[in-house]
Structures are given as C-alpha cells and as structure tokens.
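In order of appearance the chains are A, B and C, and numbering begins at 1 in each one.
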Amino acid sequence: MIERRRSNARMSHIVQHGGMVYLAGQVADDPSLDFEGQLRQVLDKIDVLLDEAGSSRSKLLSAMIVLVDMADFPRLNAIWEAWVPGGSAPARATIEAKLANPNNRIEICIVAAL
Amino acid sequence: MIERRRSNARMSHIVQHGGMVYLAGQVADDPSLDFEGQLRQVLDKIDVLLDEAGSSRSKLLSAMIVLVDMADFPRLNAIWEAWVPGGSAPARATIEAKLANPNNRIEICIVAAL
Amino acid sequence: MIERRRSNARMSHIVQHGGMVYLAGQVADDPSLDFEGQLRQVLDKIDVLLDEAGSSRSKLLSAMIVLVDMADFPRLNAIWEAWVPGGSAPARATIEAKLANPNNRIEICIVAAL
C-alpha cells in the first residue's frame, strides 16, 4: 500500500511504502534567508514531515543534498552534523546544481525508514 | 530476487526488487524535439516501462527530474501535472544539470511500487 | 532494523535496511589521479563496501553517476561496462555537476540488494 500526505497535483511531500518514507526535495519556504537560515528551515521541515510519517531523523537512510554554491559546503556540514543524531548518519551525497527558485540555496532529498 | 528487463552492458531500464521498480534515467529518443515534445516522449517511455514491470504511473514513489535549463520549469509542470493521476503524485525534486547528449533537455529518474 | 557501518558525524558509508543497502556517494580518495584512475578507485571502494554489507556488484539496483565534466562520459562507459557483471547492470542515470572537492571528477551513488 502507498500512503501519500501533503499531496498536490505536482508532488507529495510524504510518500510511504514498504517500511520506507520518501520526502519530496525540501527547500526553505523563505528564500530571503541567508544560507544558514535556509538550511535550518529545511531541517525543521524535514523533522515535521518525518514525524508526520511516523519516522524521525534517527531513521534516515539516504540524503541527497543539492547546493547552489559549493562554497556553502562547510556551513552545511557544521549545521548538518549538529542535527544528525550521533550514530545515525545516513548515506549522503552532495552536488552543486541550480534550483527552480534562484534564491533557494539548498535542497535536501530524504529517504528514511518508518 | 532481482529482475532486470531491457538490460544492456551499461544499464537496465527496469530493475525490480522487493516490491519496487527502479527505472534508468529516461531521456527522449528523439532529441531534435522541442522541450514539450521531449517531455511527452519521456513520459510515454515511463508509462511503457512501468507497464512492463507491472506498475503504473499511479504507483510512483519518487521522481528526480533533471532539466538542462531551469527556464523549462513552467513547461515541465504543466505537462507533468496533467500526466500524474490525481492524488498519486510522487515525492519530487527538480535540479538543473547537463546531460550526456547536449540536445536532450530533460531526464527523469523514477522509483515506483509494484 | 537499520544497520550503519563506517559512520561518522556526517554520513554512513553503508546503511542497510529492508533487504537493501545504500552507499554514500563515493569519490576517489586520491583526487590527484586522472579520471580513469579516480573511477577505478571509486569502483574498488564500492566493491569493498558492498562486500562488507553482504552484497556485491551483481546486486546493484540503481546507480546515480555525477561527472564534473561530461567529456569523461565515454571513458566512464568503457570502464563501467567492463566492471558491471553481464546481465546485472543497474538502473543508471548520469548528470554533470560540481562536487565538494574540485579535484574529484566523479562521484557514484549506489543502491543495491542484500
């Protein structure tokens, strides 16, 4: 069975299936924030979505991180490493690419266990 | 058990395992088409591959969409939203990146349930 | 149950869950190598990680390949096609994007079956 939450015509922010949850790529709702503000907003949104699915940041399986400017990589890591629970880091990859809204500086795609 | 279909030395266009199907990144076979023509061709190919796997566009779990030019984002969304069955939208992320064939303007990577 | 191996504060290089293994994006440890040297090092690392997880290159489900320069695409394919066991090629997608270390020229993200 597939369960979808926070769905619209374009995407579901939460898709649950087979013991796993797939989140849509999350970007900051307020792209006027600086990088750190955007990242904190993205991580807060991921926490809320994982909680709604019955998962949590301690059950992350994989994270694909897209930075608009790789110069933000050290700032990403500092905040990310404080957010990830010790011993629960997911498989991770980080690439630089442009996003739909040119003011968004980071997008994170999560797959987690339920 | 892993089932692979439409395999060659480089990739399998369909890989089935554990109740899920992974499709290779799909691009238009005719890269001389304009963006909308390419996108329709990609979506047609995805329909055929999902059907062959015993899945369908109503069982999409996640979609990673790569645009060569983010200016195509509105055109993507219009056609995408008409293609996705109501209430069945997958988790989605869209980034801008270059593809192997410089004339291809869009690639879509799908994970779906069986 | 989620099993993580080779974990640090940032990522786990191996995450096992539900009959699948997710590897962190793998780059060459020695970015002074040329493209082919880097790719061979990446594939060797993937072999070691898959073996440690109880999987192997014959159980690949999907591969997301990031090239820093799409001009390396033919070199990628020659080595990749010799590495993938006949009849076991995964779903694959290749994009061009920048990586964290500007000297790394390729990163590969693997999902495999156990």
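What to note about this one:
As a convention for this text, a residue touches a chain if its C-beta (ideal position, glycine included) is under 8 Å from a C-beta of that chain, and two chains touch if they have at least 3 such contacts.
Here the structure is a predicted model, which is why all the values come from computation and not from measurement.
Viewed as a contact network, the protein chains are fully connected, with every chain touching every other. At the chain B-chain C interface, residue numbers used by both copies make up under half of all numbers present, so the two copies contact each other through mostly different positions.
One inter-chain figure worth recording: chain B and chain C are separated by 21 Å, centre to centre, where each centre is the mean of the chain's CA atoms.
Shown for chain B are the residues that touch two or more other chains, namely 18, 64, 95, 97, 111. Contact residues of chain C toward chain A in the complex are 2, 4, 7-15, 17-18, 22-25, 64, 66, 95, 97-100, 107, 109, 111. Those residues of chain A lying in contact with chain C across their complex are 18-20, 59, 61-64, 70, 73, 77, 80-81, 84, 86-97, 111, 113.
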